[in-house]
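Just below sit the structures, each encoded as structure tokens.
Note that chain A is present in both complexes that follow, paired respectively with chain B and with chain C.
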Partner chain A sequence: MDSTDLQIIICGSAGDGTIAAGDILKRAMARAGYKVIAFDLYPAEIRGFGKCVARVRVTTEQVYSLKRRSDVLVSLDDSHAIEHVGEVRDFGAVIFENAPIARLREGRHMSAHVKPGQVPYGLAQREVCERATSSSRSRNIVVLGFLARMYGLPVAAFHEIIADKFKTKAPVVGESNIRAFDAGFEAATAYFKLDDVTLGPPSHVAEGADTVMMTGNGAVVQGCLDAGIGSFFGYPITPATTIMERLAVEMPKAGARLLQTEDEISAIAATIGAGYAGSRAATATSGPGLALMVEMLGLGVMAEVPCVIFVSQRGGPSTGMPTKTEQSDLNLAVFGGAGDAQRIVLAPTNVEGCYRCAGKAFELAEKFQTPVVILLDLYLSNRYETVIFSKDNIFEPNCSKAVEKQDPGQAYQRFQLTDDFVSPRAVPGDVGGMHTVTGLEHNELGRPSDSGEMHTRMSAKRHRKLEGALAHGDLNICKRFGDEGPVDVGILAWGSTFGESLEAMMAAQAEGIRCSAMKVVMLSPLPVDLIAGFLADCKEVLVPELNYEGQLANLVSGQLGRPLSRLSRVTGAPMQVEEILEQVRALAKGRAAA
Partner chain B sequence: MAKGTHHVIIGIGIAGNRAAEILRERDPDCRITMITMSRLPFYNRYDLPKVFRGVRDWREILVDPPAHYDKSHITLRRDSRVTNVDGQRGTLTFAHNEEIGFDRVVVCTGGSGYLPEDLTDYRHLMNGFATFESAMTVYELLPEGGRVVMLGGDMIGLDLARTLLETGYRVTLVVNDYTFWPHRVAADQRGKYLEALERLGIEVHEGAKLERVKEGPKGMPARCLVFEDGSEVFGDVVMPFCGLVPSVEFMLSSGVDIERGLLVNPQLRTTNERIWAAGDVCQIWSAEENAYRFYYGWNNVRAMGEVAARNMTGEEEPFVSIGDEDLYVDKSGHINSPFWQHD
Partner chain C sequence: MNEPVKPVYLEEKLEEIRSDGHLAYRSKSLPTWCPGCGYFSVSEGVTKALKELHIPTKDVVVVSGIGCASRFPFFLEAYGFHTLHGRTLPVATGVKVANDALTVVAVGGDGDGFAIGGGHISHAARRNVDMTYILMDNGIYGLTKGQTSPTSALGFKTSTTPYENRDQPLRPLMMLLSYGAS
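Up next is the complex of A and B:
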């Protein structure tokens, strides 16, 4: 069997090295040439009692989401892992500690919970680790060695990744972890493989492309760097912090500047300032931070200043659930703020999309002189995928509409009304480009004006210039997948939920349901015509999203007047493929009955 | 029966599984926990030779599908070793440091293959045949048409030998005191049965005492047996079949009487009123013989599981051995045993 689709869950307590083990696993598998999607769940607390879960899906074919049922569960702490046993499919494996030190009360050991159809592998993780390293700290690495032996995972890749992970520490640390891995590998030789989990050879990568594995936030950083980001201002907030952390390392190398400000209001103010000065400028935050930024965002719209705001959504409102995923800031991103403050809002659906949208956001901001919001979510920000990048830079370095040579004495009209509603843009220091900028409504020169006629014309300008964004090059603002022409059920999805939607669509097709899925990347301005065309082909439309209100469904039905079926979930976890599929089946069946 | 009585069955072989069936039948509300060191649910050990007939997916030898346990509300704990049973407190302890309570327990752990002391030095050069895993290991080690050397040749081994011969492998039997175990064969009858084995195609090696087992030289089969008379026998796999030793180590501090197996009265109760035993692990009092004795074979073991479960739920029935226990040569000249008879 050549095709591989293997999903492993590692579950433990904060401090067990659960996330680290998942990280090594996914990197090693990616290095060996497999496609990887991975997502970690971790507690808001730093250490000691919270549950950590690392899920890694390893495939040879392209997939778009994690599976609901995993093939292997590794427990580093039964008190947390027991509740995940049901996620393992029949004839999959459950690996657990079978020589714990502490006395356990009845039912607190994994053996009481492994389902009869699953295969238990009790492993003395701690003892194996202590024998190999004189410490039990690397139990998480022992289980990786065990997995490697049981399923034929690439040992050399693991050795490399482990060495790489600990290269900044004393050499003894890396050596000790390699010993732990090898000890786990050796321990597995005493086990007869009884599950039916298999690993085929890796897939091949096309020449002329680089395969890398990164998170959504990592891809955002790479997109920013490749697009020539010049300035970044930010204030830490989960799950956006890693964008700033990575940029803080990388931007100085490229001669760019990053500043951690005292709060989110300062961050957006400085970003708008830098954008005004001509720098490709960005900030990154989450829902609570965006709530603080929307006032200044209005200034960016009114003053027509290019800037980019990355927003990684988490459970809300208020502080909400900082380490859980949600898609409930669509309304805030699209409508937040005072007045008619339309801006561009993009929502990538996968890690590669994060890269592309991040870079394209600078082009769009510059070209249409407006703030651009990139809506991510925790699931997408933290999810790892193997991504194949072209070796060529795909981003335009300068998309600004230049000011033509001014006649002597001619006043520069920063907000000139043009055919495409985009004004030539001068930045401070440009000869002859002196102008006024204000948050007040203004005339073409930028001087304050509260005339009703001017406000009407300028409002139209600020809105209509964005129509051009719908045709911006090399960016899928909206894309249909699956069956062409009339279908029984169409799935309309955005952000990270699209991956699950696509898998559900393919599963529905396999069941004989005519089904299509459309991803909506540009949420503002909304590609109404494309969506309307899609809806016209669908007898039923399902909109799955991770918010309570059905914010995309509201947005689309509000503009198109078409009733839509909603699948709204706010569990803090990604949408399940099976949940979507179940709804698709029900809708298809309903249509058939009708 | 009090609602929610917790019955624990240690061992999920033929006796344990039958006990679970009867317990559920007689006490629908009780809680049943089955414990095994195996990683697999209950499979018929008598089906293990089928590995050589192409049945190499353990799912095909399960007696019940995995869903059976959920349907019967049985908690199945696999890969779990019991280290102590405390009949006074009504608790048992696992090697993984967990303690669970019980109202009644029946020990059905059977026996493990016995290895005579003079063979223990060569344990690493031999293969057992007690589990699916060990059967698969032997299958993987054996080349096509390869030879298995059986030391002893108890009835479990001879059952395997029949399958091996029928599937194109070769078998050499090194006769010792355990040949034909558990049957006691009189000296004057021995030759008759060995001849029957030879008619099956088994090469019988009798006489000289085994001196040692060693790895075969390069280019030869993987194992070489050297006998005191200097003769050598080569084989790809060496398998000891010298009977069973009751698996009772974990019961040593339980306070119940143990001789070789757990001593039980005819109702299969041990000397602790909360603990019963069934199958190859127990020695049952025989008033007729004025001694404790073992009863072997699928039918007896299954009946013991049933009797123990009935008595755990209020009956006081004695165990009665089922059928003739003697080895015989049938009309076609083949050796046969009630030990091999099973559903």
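Up next is the complex of A and C:
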């Protein structure tokens, strides 16, 4: 079999090494040249007995989301893993501890839950581990060795990644873990392979620097660095913190500056200060932080200061669900703040998009002299994908509209009204460009003015200058996939949910439903013409999103006046492909499912 | 008996003021402060200091918040950023981080600095960012016409404390010194 599509779930308690095992698995498979998508679920507490789940999908073709049904489940703790048995497909495998350390109450062992059609593999994880390493701590590595033997996973890649992972520890730690891996591999030789899970060869071998496996937040960091970020200010908040942590390592090496501020208000205030002074400046936060930032964001709009705000959404409102995913900050990102404060909002749909949007955000902010919000969500921030990067830097280093040489007697007009509504911009240090910007309404010189006429003209300037953003180069602000021309059902989606939408679309097409899907990357200003063109082709339109109200559906139907079918889920988990597919089927038949 | 007093002629005095060059730091906009306000002197002091130090106008950034005192940047010939109420210090920090060749002056009043922006003072002080913070403390909210401020005296009557101010006023110098400001 040439085409590979293998999804493995590893499930255990916090402290079992579940996430670490998933991490080694995905890195090893990516190292061996496979495409990988991975997403972990873990509790908000660092230790304790909370459930950890690592899901890794390994493929040779490009895929866009995790599968509902996994091929293999590995249990490191049956009390958590039992409820995931149903996720394993027929003829898939369930691997569990067959020598528990204590008597279990009836029904507490995995063997009682494996479903007919699934293939159980009991493995004495603890015993194998203790024999190899005289401790049971590396059980998570033992099961990786077992998987490697059973499914022909690339052993050399695992050895490399394990050595890599423990290289900061004493050498014995790495060696002991390699022994654990080999012991698991050895143990598997005693098993007959009964399930039908297979792994084909990788479709291409990774060529070093080009193929990289990273998270959405990792891609944001890479995008910031490649776009020449100059200053970053932030305040830690899940799930955006890893952006700041990574930048704190990389920015000083690039001669850039990062400061942890006392709160989110200061973070964006300093970002705007740095943007005003001509630096490519950014901050990163989540919904609660954005709520604190919107007043300053309005100042950025009014004073026309470039700055970039990354927002990784989590369950809300208020403190909400910090370690669960949701897409409920669209309204805040697009509309938050006082007055008519239009800004640019982008929502990438995959890890590669995080990279592109992050870098493009600096170009857009500078070119249109405005705050740019990049909306991510926990699922996109934390999930791993293999991404192929072009070797050339795709970002423009300077997009600012320069001040032309002016007569000595003539005062510089910071907010000069021009044909494209963008004014030439001077920054502190420029000779002859002295001006004061303000959050007050102002005239072309930047002097406070509350004349009705000036407010009308300046409001138009601030809105209409953004029209140019719809035509910004090298950025898909909106893109249609699937069937061309009239279709039965169109799926309109944004952010991380687009991956699942695309998979659902392909499944619907396979069932004979004429279907296409459109991703909306630019949420403000909204590409209404492109969306209207798509909607005109669709008999029915489904908008799946992870918020209660249907915020994208509201935004689009508000501007285009067309009723849309909503699929809103707030379970804290990514949208399921099957749920979207079910709705698509129902809409194709002419009625919405309940 | 009386020593003859040398008369001061307006034209001569103006000539003297103009000739020392500090007027180059004054913007063409006339201050909007009330006649007799102490802020005129502060503004005069800042322009003279910039002149004495030979700092080019293009390298000066004055950052302010909201309030009478925060109108300051408009009356100076330099780069200015009139920001939000209370956010003077973090914005000024951002400007300095972005380009430390700039001379950064943060300006605000007691409401801006000690009330809404009070939380930023300790952090600006502990970071000891190379910038000057001029806080014009008049003990009252002037721009909104007379409400109590964190430095208003006990018993002070204002439109929001029509009977008396019962809150102990803040002691700015003690606070700043304890945070290690220099």
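A few points about this structure:
Assume the second predicted complex is superposed on the first by the 585 of 594 C-alpha atoms of A that agree within 3 Å, B and C clash if a C-alpha of one lies under 4 Å from a C-alpha of the other, contacts with A are read in each partner's own complex, and residues count from 1 in each chain.
Criterion: contacts are C-beta pairs under 8 Å (C-beta built on N, C-alpha and C of every residue); 3 or more make two chains touch, one makes a residue touch a chain.
Keep in mind that what you see is a predicted model, and the values were worked out from it rather than measured.
With chain A as the common reference, the superposed partners chain B and chain C fit together side by side.
In the superposition on chain A, A:Ala99 makes contact with chain B only, not with chain C.
Touch criterion met: A:Val114 reaches chain B, while chain C stays clear of it. Once the two complexes are overlaid on the shared chain, A:Gly320 sits clear of chain B and of chain C alike.
Between the Cα centres of chain B and chain C, as seen from that of chain A, there is an angle of 150°, stated in steps of 10. In the superposed model, A:Thr271 makes contact with chain C only, not with chain B. Once chain A of one complex is fitted onto chain A of the other, the partner contacts of A:Gly33 are absent, as it touches neither chain B nor chain C.
In the superposed model, A:Gly200 lies in contact with neither chain B nor chain C.
In the superposition on chain A, A:Gly468 makes contact with neither chain B nor chain C. In the superposition on chain A, the chain among chain B and chain C reaching more residues of chain A is C. The gap separating chain B from chain C at its narrowest, counted between C-alpha atoms of the superposed chains, is 58 angstrom. Residue ranges on chain B touching chain A, taken from their complex, read 39-41, 58-59, 66-70, 75-80, 94-101, 132-133, 136-137. Within the complex, the chain A residues that touch chain B are 90-91, 97-109, 111-112, 114-117, 119-122, 192, 194.
Interface residues of chain A facing chain C in the complex, by the touch rule stated above, are 230-231, 233, 257, 259, 261-263, 265-267, 269-279, 281, 295-296, 299, 303, 411, 428-440, 447-448. Note for the complex: chain C touches chain A at residues 27-29, 57-63, 66, 73-74, 77-84, 87, 89-99, 101-102, 119-120, 122-123.
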